[in-house]
Amino acid sequence: MNDIVKLGGILLLFSAIAGGALSVVNAITKPRIELQKKLVLERALTTALPMANKDAIVPVEQDNMLYYKGYKTPDKQDLVGYAFVASGKGYSSTIETMVGVDTTFTITGLSILQQVETPGLGTKIEEVRYGESTPWFQDQFVDKTWNGLAVDKDGGNITSITGATISSRAVTKSIHDGLKQLEATVRQHHSDM
Amino acid sequence: MEIKALLIIAVNAIFIYNFVLSRFLGICPYIGVSKNIDSAIGMGFAVVFVMTLASMATWLIDFYLLRPTESNIFYILFNFKEPPDLMYLKTIAFILVIASLVQFVEMVIQKMSPGLYKSLGIYLPLITTNCAILGVTLINLDANYSFIASIVHGFTAGLGFTLALVLMAGIRENLDMAPVPKPLKGAPIAFIMASLMSIAFLGFSGLKIG
Amino acid sequence: MEPKFYVSSSPHITDNESIPKIMYGVMLSLIPATAGAIYFFGIRAGWIILLSIVSAMATEGILQKLMKKSVTIKDGSAMVTGILLAFNLPAEVPWWIPVIGSVFAIGIGKIPFGGLGYNPMNPALLGRAFLLASWPTHLTIFKTIPRGGTISGIDVITNATPLNVFKIAKASILAEQVQDYDVAIRQLYDSYSNLFVGRVGGCLGETSALLLLIGALYLIYKRYISLKVPVSYILTVALLSWIFGGTEGFFSGDPLFHVLAGGLILGAFFMATDMVTSPVTAKGRIIFGIGCGVITVIIRLVGGYPEGVSYSILLMNLTVPLINRYTRPKVFGEVKRS
Amino acid sequence: MSISKELFKGFYKENPVFRLALGLCPTLAVSNSVQNAVGMGAAVTFVLICSNVIVSMIRHGVPKKIRIPIYIVVIATFVTIVDLVMAGFAPALHKSLGIFVPLIVVNCIILGRAEAFAGKNNVGRSFIDGLGMGIGFTLALMALAIVRELLGDGKLWGIPVLSSGYEPVLIFILPPGAFLTLGLFLGFFNWLDIKMQK
Amino acid sequence: MWFKSKSFKGGVHPPENKAFSDNKVIEKLPLPERVVIPLAQHIGAPAEPIVSVGDEVKTGQKIGQSKGFVSVPCHASISGIVKKIEPRPHPVGGDVLAIEIEGDGNDIMSQDFDFNPDYMVQSVDEMKENILEAGIAGMGGATFPTHVKLSPPPDKTIDTLILNGAECEPFLTSDARLMIEFPKEIIEGLRILMKILNCKRGYIAIEKNKPNAISLFHKLINDSKQSDINVVGLKVKYPQGAEKQLIKAIVNRNVPAGGLPMDVGCLVQNVGTAKAVYDAISKKLPLIERVVTVTGKGIKEPKNVLARIGTPFQQVIDFCGGLTDDAAKIINGGPMMGIAQFDLEVPVIKGTSGIVILNTKQAILPQPQPCISCARCVDSCPMGLMPNYLATLVENQKFEQAKEFNIKDCIECGSCSYVCPSKIRHVHLFKFGKMHVAKMMKPAA
């Protein structure tokens, strides 16, 4: 019995030391990790809304839709566009895309937030070709509106990735649907005002 | 619908994201304990059992001890200003829980059912440091599964593991008697076989229920 | 004492079947379908088949030479693997596809396990599955229009194979191309004669049920295949696709369409029956066939691919040792063991 | 054993992956790109060295009966440190290694070395052992990753190196490719062994 | 089911090859100058010699005394002088103690062996004693002492006696000829056996490729109104004559694995055995000669001969015109279960139903190839075994598992090897495997 207490004590001691050490490391890294998380979102938003000031993008929730409003200057007076997250089911995951549009609902930029598609196939939605600096698949969307937005196989204007039509379609369709909804929501809101 | 969601978890865990063939978890026992069907079945059941229990236990630990929510016991007990975020202790907490769980299960089975102990007992110690067990608990956490979903996932992931293990054992019993080229005998041919098996399991990829 | 006569253990006679005889018999049975492939898809089909056979044999020969084992390419088994692999490829694949497929089929799927008789899975189908996972685009795009028909077998849709049309229509994405896909599906269901004769797109050897069945009859006549596997396989597919395959609830599917479309006939008679990789017991063969059928229908109806024949056979190959073990025939006069 | 021998044994003669067949799960899982392989290798090496050193330091003070749980606590601590630091400073790598970072805890190489080596040797040797084994593990991972990334993606370290006409053999970055590459590597080393013995 | 010929599950259809000799009337072989009589021509303990070198013996004189219950005596088959008592090559293998008699050419009988018309009034015990004294061992090939088979333990009753005239082995016609030429003797033999066992039902089982024999028996039995005896025509399929399969085919009973026919109330005896029993009971004639089919492509004039036990093969073959130039394999028995001989010195024994001589082309068996799991062997095994798997197990020395997969139930019929496209020598492996399994079991018992 005594033995168990003693052994338990030693184990507890070690665990306590470990816990202590970890809480110190945690305290040091925590801000950094949170910063990283923020940076990811921030980077996505600035890619989506290149013309907006990075400190002047604010989240809005309306009619069950979460989107962002982007302003040109930090005083948030001159609205330049909106951003939202489109999500659609791809081949093996749900693909989430941050999409930015200007006030005429023409796409200004986008970036993939989340996808676990097949490497080499579905992941080509993020492929940056050698010698280029931006992903070619996503670049196609810029300057387009939801109208007619579809992959070529469905008769649309987006060249799909060979062998990954499902992923291409998921991105395209989710943006198409999301954009349509955003426009409706925003216009409704405007007319309310 | 809840039932459908659970079914999807199950099908995913057994066939599409099979622990061994797609997620690469539990490779050591997959190669090590697959030389004979009977021990494969024994190991399989031991893993199913421990995975289910571990999923249950770690969910409770996570929900009541680690997560910064209102139901955090430290928060309730010690009247902290805000719920403490102890998520960084998850690895250490989970592994200790699993280790003690296996010990405990071993003791209980030994007392309650010597027959079961005889067939499962020898596999239990092997399981403590098996990454499939810790893996399933970490995946439960990542996927934010509910208590029930965690249990279902733990159970079915174990079944998926057992499936791959027992199929492998059947094949290796024959392979044992085949003129496999000498350099490939043993582990190499087992991995080549695993590769072919996982090619066949690609057939399940993209499966969508409902 | 120096024996004056040959001595050996009994029996002193054997029948005159042999491995080469069986393999060449299988090849003979594949001739109608080969001719059909060349007729429907053009001379290129012949080249693909030839290339595949040659690379399968070369792989086997070279590896056996390297390992200093006796070279067995003349027994015909590598040739059969080569033909069947080619039968599983579209006509317009680049030349290196059949070559790499054969190298994988024989070099990974067969020789490392000890060669003929020891491979746990169907080498030709492994070759196909390897190619499908490695270059999905080359294996899933069908452009060659079969002589006298269309790729889908019907006129309203021209660029997808029957099972693809079926799959896509179910996911309702073809809407922008076809006014009413119910009509398309109905037409598809009525295109039996095209499916039966082979005037549809698809892999080289799979399209003509008629020519395949002629070959299969020969194999059945020679008793090289047991009917248990193909019959239980096809009946299972028919039954399940009838129950679950329809768009208007249970029992509205079209079993005949599902039996004739895709690679089922080829798979059921020529690939699921590969003796090396199917069970040896009578009960086991039926279980094997049913298993293949169930998986095929699951993949066709809810899976990620239009067709599930090859994966279903590969998956069931994995279960063969277990099936054999648990379906041992009853020993004569066996008394229940206590 | 000389220090250099102690260091180099992990590279080939006692390579944890190819010779001892340890740590196979992470090997298979993260060898789909060289970047992942190096990141994982570094993480494991760090944990190996630290845990070896600590275990060696405390080896006389730990009661036999509970040494394994204590080793696990030590290892888990360093694993968590790696996990947190990686999340803070290399978030992309952290994401692509996924749960295999926390799973270093159960990597048998680490517990194996603690038990087989550090628990019986002094701090200096244990440090060298950890370093050697860690590098050996990293080398094995990289060997697999080079083959897989090159064949399966036509790239190395994310940079396309094969001509644009090359159509990658996708399967090599999918699970079957991992098993196949490892199987062939193991077979190759067995073959070498048989050759050398002759 | 009426439309199905009576048969069993499994089996094979080798070419019958009976045309060589099935029309040849049994010819008496000229008296041999010299006979070699092995003391073990039966299963069980060998007989002990009761004569010495130099002794004079007469035809029919007992020269070897049975030793123990499962054993039978043996008799001089010619008159003459005992030359040697030493181990000699035996057609079933190895060298076995044998008595060589140099004949005097006179064939002097040791006693009269007169026909006793009242033979049926003997008591059962007397009959059994006479059968033992006549040295009868089963003539269907297994040579199990007949008196032992006729003495079942008291707790077993035998209600069905089956005379085995199947002769399913290719080439052989000795039983067929015997049935055509001595049908009455065979029926009487059957009656004697039925009396000994007090059994109600007798069958004579004949494959349908011997229609003459079937109709002959039908006629005889109908004419004499012996309603307790049936003649049954069997489907032509090897191994129809194996006793468990025969019992299954005729009375649809399953002899339990590891059990004996008497466990299901049956007894099976060869038709030749019945004839020998008749001779022993009605004339007290010991078993000193038997019908031997000499056949195959390697013999010039195939024949059925009545040969004295102990006649060297060489002499039998000379009588049949000698070997052809390409004769290459000499088999004691049929080609499915018989045993290949090294030379022609070996003697005809009680179980020699035939001497089959194959030519070079037939004699060289192809090299075994790996099993391709074609399952032909599984489908053909009359015992419901998995020969392919068993062969692999034995090859890999996994005797424990071979035992678990019932290797002991194999009757070595050879069907599996016959149909195997990979030419695997199953029976050879199984003989070896069974030996090991038996060894394994010993310490436990």
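As written, the chains take the letters A, B, C, D and E, and residue 1 is the first residue of each chain.
Criterion: contacts are C-beta pairs under 8 Å (C-beta built on N, C-alpha and C of every residue); 3 or more make two chains touch, one makes a residue touch a chain.
Quick caveat, the model's predicted, so the values are computed rather than measured.
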Given chain B and chain E, the chains that contact each of them:
C
Chains touching chain B and chain C alike, please list them.
A, D, E
If every step must land on a chain the current one touches, say how few steps get you from chain A to chain E.
2
Which chain, with its centre taken as the mean C-alpha position, is closest to the global C-alpha centre?
C
With centres defined as the mean of C-alpha atoms, identify the chain lying farthest from chain B.
E
Compare the CA centroid of chain D with every other chain's and tell me the farthest one.
E
Here the gap between chain C and chain E, centre to centre from mean Cα coordinates and rounded to Å, is 49
Whole-Å gap separating chain A and chain B, where each centre is the average of the chain's CA atoms
32
Please tell me the distance, in whole Å, between the geometric centres of chain A and chain C computed from their C-alpha atoms.
44
Averaging over Cα atoms per chain, report the distance between chain B and chain D in Å.
22
Using the touch rule from the top of the page, what residues of chain D touch 2 or more other chains?
69, 73, 76-77, 80, 84, 168, 170-171, 174, 176, 180, 187
Would you pick out the residues of chain E that each touch at least 2 other chains?
370
When you check chain A against every other chain, which residues touch at least two of them?
15, 18, 22, 25-26, 91, 118, 121
With touch defined as at the top, which chains are paired up in contact here?
A-B, A-C, A-D, B-C, B-D, B-E, C-D, C-E
Which of the residues in chain B end up touching chain E in this complex?
176-177, 179
Which residues of chain A touch chain D in their complex?
6-7, 10-11, 14-15, 18, 21-22, 25-26, 29, 32-33, 35-36, 40, 118-121, 130
Provide the residue numbers of chain A that touch chain B in the complex, in ascending order.
15, 18-19, 22-23, 25-26, 91-92, 118, 166
In the complex, chain C touches chain D at residues 108, 112, 130, 133-136
Residues of chain C touching chain A in their complex?
136-137, 140, 173, 176-177, 304
